[in-house]
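Structures incoming, each one as structure tokens.
The same chain A turns up in both complexes below, where it pairs with chain B and then with chain C.
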Partner chain A sequence: MAAVIQDAAGLRAGFGAPVLESQACFSALMRALAFPGRVTQAPTLAEPPDGWPSALAAAALTLLDADTPVWLDENARSPGAEAFLRFHTGAPFAAKAGAARFAILLDPRSADFTDFDIGTDQYPDRSATVLIAVDALAGGPRSVLEGPGIKTSQQIAPKGGLSGLWEAWPRNRALYPLGFDAFLFAGDGVIGLPRSVKRTDQRD
Partner chain B sequence: MTAPITAGDAFHSIDGSYNFAYLDEQTKRMIRRTLLKAIAIPGYQAPFGGREMPMAYGWGTGGIQVTASIIGVDDCLKVIDQGADDTTNAVSIRRFFKRVAGVAVTEATAEATIIQTRHRIPEAPLTEDQIIVYQVPQPEPLRKLEPREAETRKMHAYSEYGLMHVKLYEDIARHGEITTTYDYPVEVNARHVMAPSPIPKFDNPKMQMMPALQLFGAGREKRIYAIPPYTQVRSLDFDDHPFAVQTFDTPCGLCDATGVFLDEVILDDKGDHMFVCSDSDHCKGRRQAGHVGPRAAAAARLGFPGSAGDGA
Partner chain C sequence: MGVLARAPADRLTALMAALGGKPATDWLRRPEIGAVMTRGRAGGTGDAFTLGEMTVTRCALRLKDHVGIVGHAYVQGRDVAKAEAAALADAMLQCEAYAGSVRAAVVEPLRAEEAARRLRARRKAGATKVDFFTMVRAEG
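Let's turn to the complex of A and B:
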């Protein structure tokens, strides 16, 4: 308890208007997932934890609570970030990636995407949602997405160490309807990647 | 753990007695998480912790919880019941959200950002900027064939949909055609068989590759499911008995529309009747544009609501 009180001095603020801003943030997340690959804008958080894109921190405030064990990768883990989540969401920290309902990755390069919960055959919704920070949502290697939510095909080019995610994606998709879902965040922007989406490298 | 309403919030509910959009924040978060998973697995019924709502089951408690969890201050809400904006269920739900969320409401399909519906899809094509929320009485398409939830869960898990095809086949064997005319089962994203809620099968083709996000809430059964925009939705059928929608011999009696879903209305106690658009906003728009149906004069004489003879 003492540690929490000590940290409180440096505790970062959450939403100024939590009810309306979490609705706006959810709306951005829902649209991102309904239209995979399209960039949506989350409300700006004035001071997210160090190294966290504002939209990722906003998504955590919007989706996490005491019912959702969360796992942080090495880079996301810091006393400041943990205090932020503990104070604003009350989410318990999962010791292992596989036990988490939400995973927060600041460095997708180091992640093993086979670790995440894929749900069960009768309840495929009981699976992990992976929140990933990237350097930018454009300007990286180009991918083409197809599937539900996409009329014909959708091009995306997020930048920042996603080769591991792309390598794991065909397996994740082959598990359908099981599998994890992912969101990519940079600044205020969000891209949604539901498990139902097929991804290929863009060839020119 | 509920996020408190701070002084920074623009407003709570319009009368200050409830949280914005009635539900508490923890409930909204739970429903929102369920909605995201439902969108990621089109047609799959995700369980959720359905709450008691201030109305009876069967009056749209599932749809209302979904709408309450997605609605924002800038949204414009339309509510229809069997296509009509002016029936009891539609009026009371619209009034509910006006009171607890202070949002704009409309009867015009094109103006709405969220359309909550009981048993119809509007005639006007929906756009990417709209979300349609269906009220669902029975989310399980297999329930009448297999009463045990433990079994239907497995049937969905293993794509074991033979029983549904047997049911449709028996219809053909007995009656020469598939006799299901509403809540006609669909296959979503080539994987899950789903109940489209009791919309007439006339509306089923509108779900295929619809640009709008479709959300389904079943309050009593506590299930949420979804169809993302631009998703394959196929009505189940057989090669030699292809799916076909209802057709009508007469146009709408009030606005002369053809190719729309019509309701039968009794006009007197001698058996006179007419068919009118089930979608009241569509019918109104056509009448305002100058279309006159074959029964418009008779309807006006009787003071039929919405006709020229209507005192309102």
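Let's turn to the complex of A and C:
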């Protein structure tokens, strides 16, 4: 019992209106995936765990449940964040990145993007979705996205150590229909990166 | 917690309402009504089996002025007010400043009432008891 109380120290509140706000957040995440690269607003969460962008915490509350093992990177892992997810979602914590349906990265620099579950030929949908916190969704190195959901091309410039992700992206795309999907979060904003999108460096 | 959960809703809410000086609270989880699957074991030791679904109201709140104290409540039925009162009592019981008064003014009276209820039920059942002892002796 003592351990339970310890974990609950400063437990953060979730959505004020869980049903409506998680539906609104789910719809925002779907829109973000349908229009890759377009910055979409997620509902605000008043008190996300320390260091988590509000939109990332809102997405976690929306997507996770008892059937979706979640893996947190070193930076995301903290007693407060784990208590938050355990209380609000009941999601089990995966010991390895490869066993997780959702991965939460606060520092994409340290991630090995070949670790994540890419699904199987029979069930390509049973792959990991990687939720990545970045410093900002604009103002970083510019990339050009092309593919389904984009009429001609879409520019994005997220800032925050994404070179590892971009390095892994061509391989991830080549695996199609297998592969992981990713979301980038900063503040209230989210950018969706489905596995189908093609990404290149912006040439000036 | 068991005493709070089993108490009749109107008694619990009345006792909590009568209690003065309650702390301010924030919701962690607003009261929500759902169903839980209850499981049982025959005789308490046999294989687990599914007893059926039970309607449950749950909520969780925290005290504004005492960081880290979270009151939880899961109560049978659809009574939101009862779940709220039970969660607040649970939080107050974890807090030294309130635990004494809640225990004396809420938990102990409810515990005594529950014991009286059980005794009454046992007496009623006891009055209908049939003693088969004489039949066993008649055979031997």
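Simple rule for what comes next: the second predicted complex is superposed on the first by the 201 of 204 C-alpha atoms of A that agree within 3 Å, B and C clash if a C-alpha of one lies under 4 Å from a C-alpha of the other, contacts with A are read in each partner's own complex, and residues count from 1 in each chain.
Going forward, a residue touches a chain if its C-beta (ideal position, glycine included) is under 8 Å from a C-beta of that chain, and two chains touch if they have at least 3 such contacts.
In this text the structure is predicted, and so the values were computed from the model without any measurement.
Once the two complexes are overlaid on the shared chain, A:Ile150 sits against chain B while remaining clear of chain C.
When the two structures are aligned on the shared chain, A:Ala174 is found in touch with neither chain B nor chain C.
Looking at the shared chain after the overlay, A:Leu63 reaches chain B, while chain C stays out of its contact range. The larger set of touched chain A residues comes from B, when the choice is between chain B and chain C. In the superposed model, A:Pro18 lies in contact with both chain B and chain C. By the touch criterion defined above, A:Phe87 reaches chain C but does not reach chain B. Residues 14, 16, 18, 88 of chain A touch chain B in one complex and chain C in the other. Against chain A, in their complex, chain B makes its touches with residues 1, 3-6, 8-10, 12, 19-21, 25-26, 28-30, 32-42, 44, 46-47, 69-73, 128, 153-154, 156-158, 189, 191-192, 209, 211, 213, 227-232. The residues of chain A lying in touch with chain B in their complex are 14-20, 22-24, 26-27, 29-30, 33-35, 61-68, 88-90, 121-125, 127, 129, 147-151, 176-177, 181, 194-196. Every residue of chain C that touches chain A in the complex is listed here, in rising order: 26-30, 32, 60, 62, 67-70, 94. Contact residues of chain A toward chain C in the complex are 5, 8-11, 13-14, 16, 18, 87-88.
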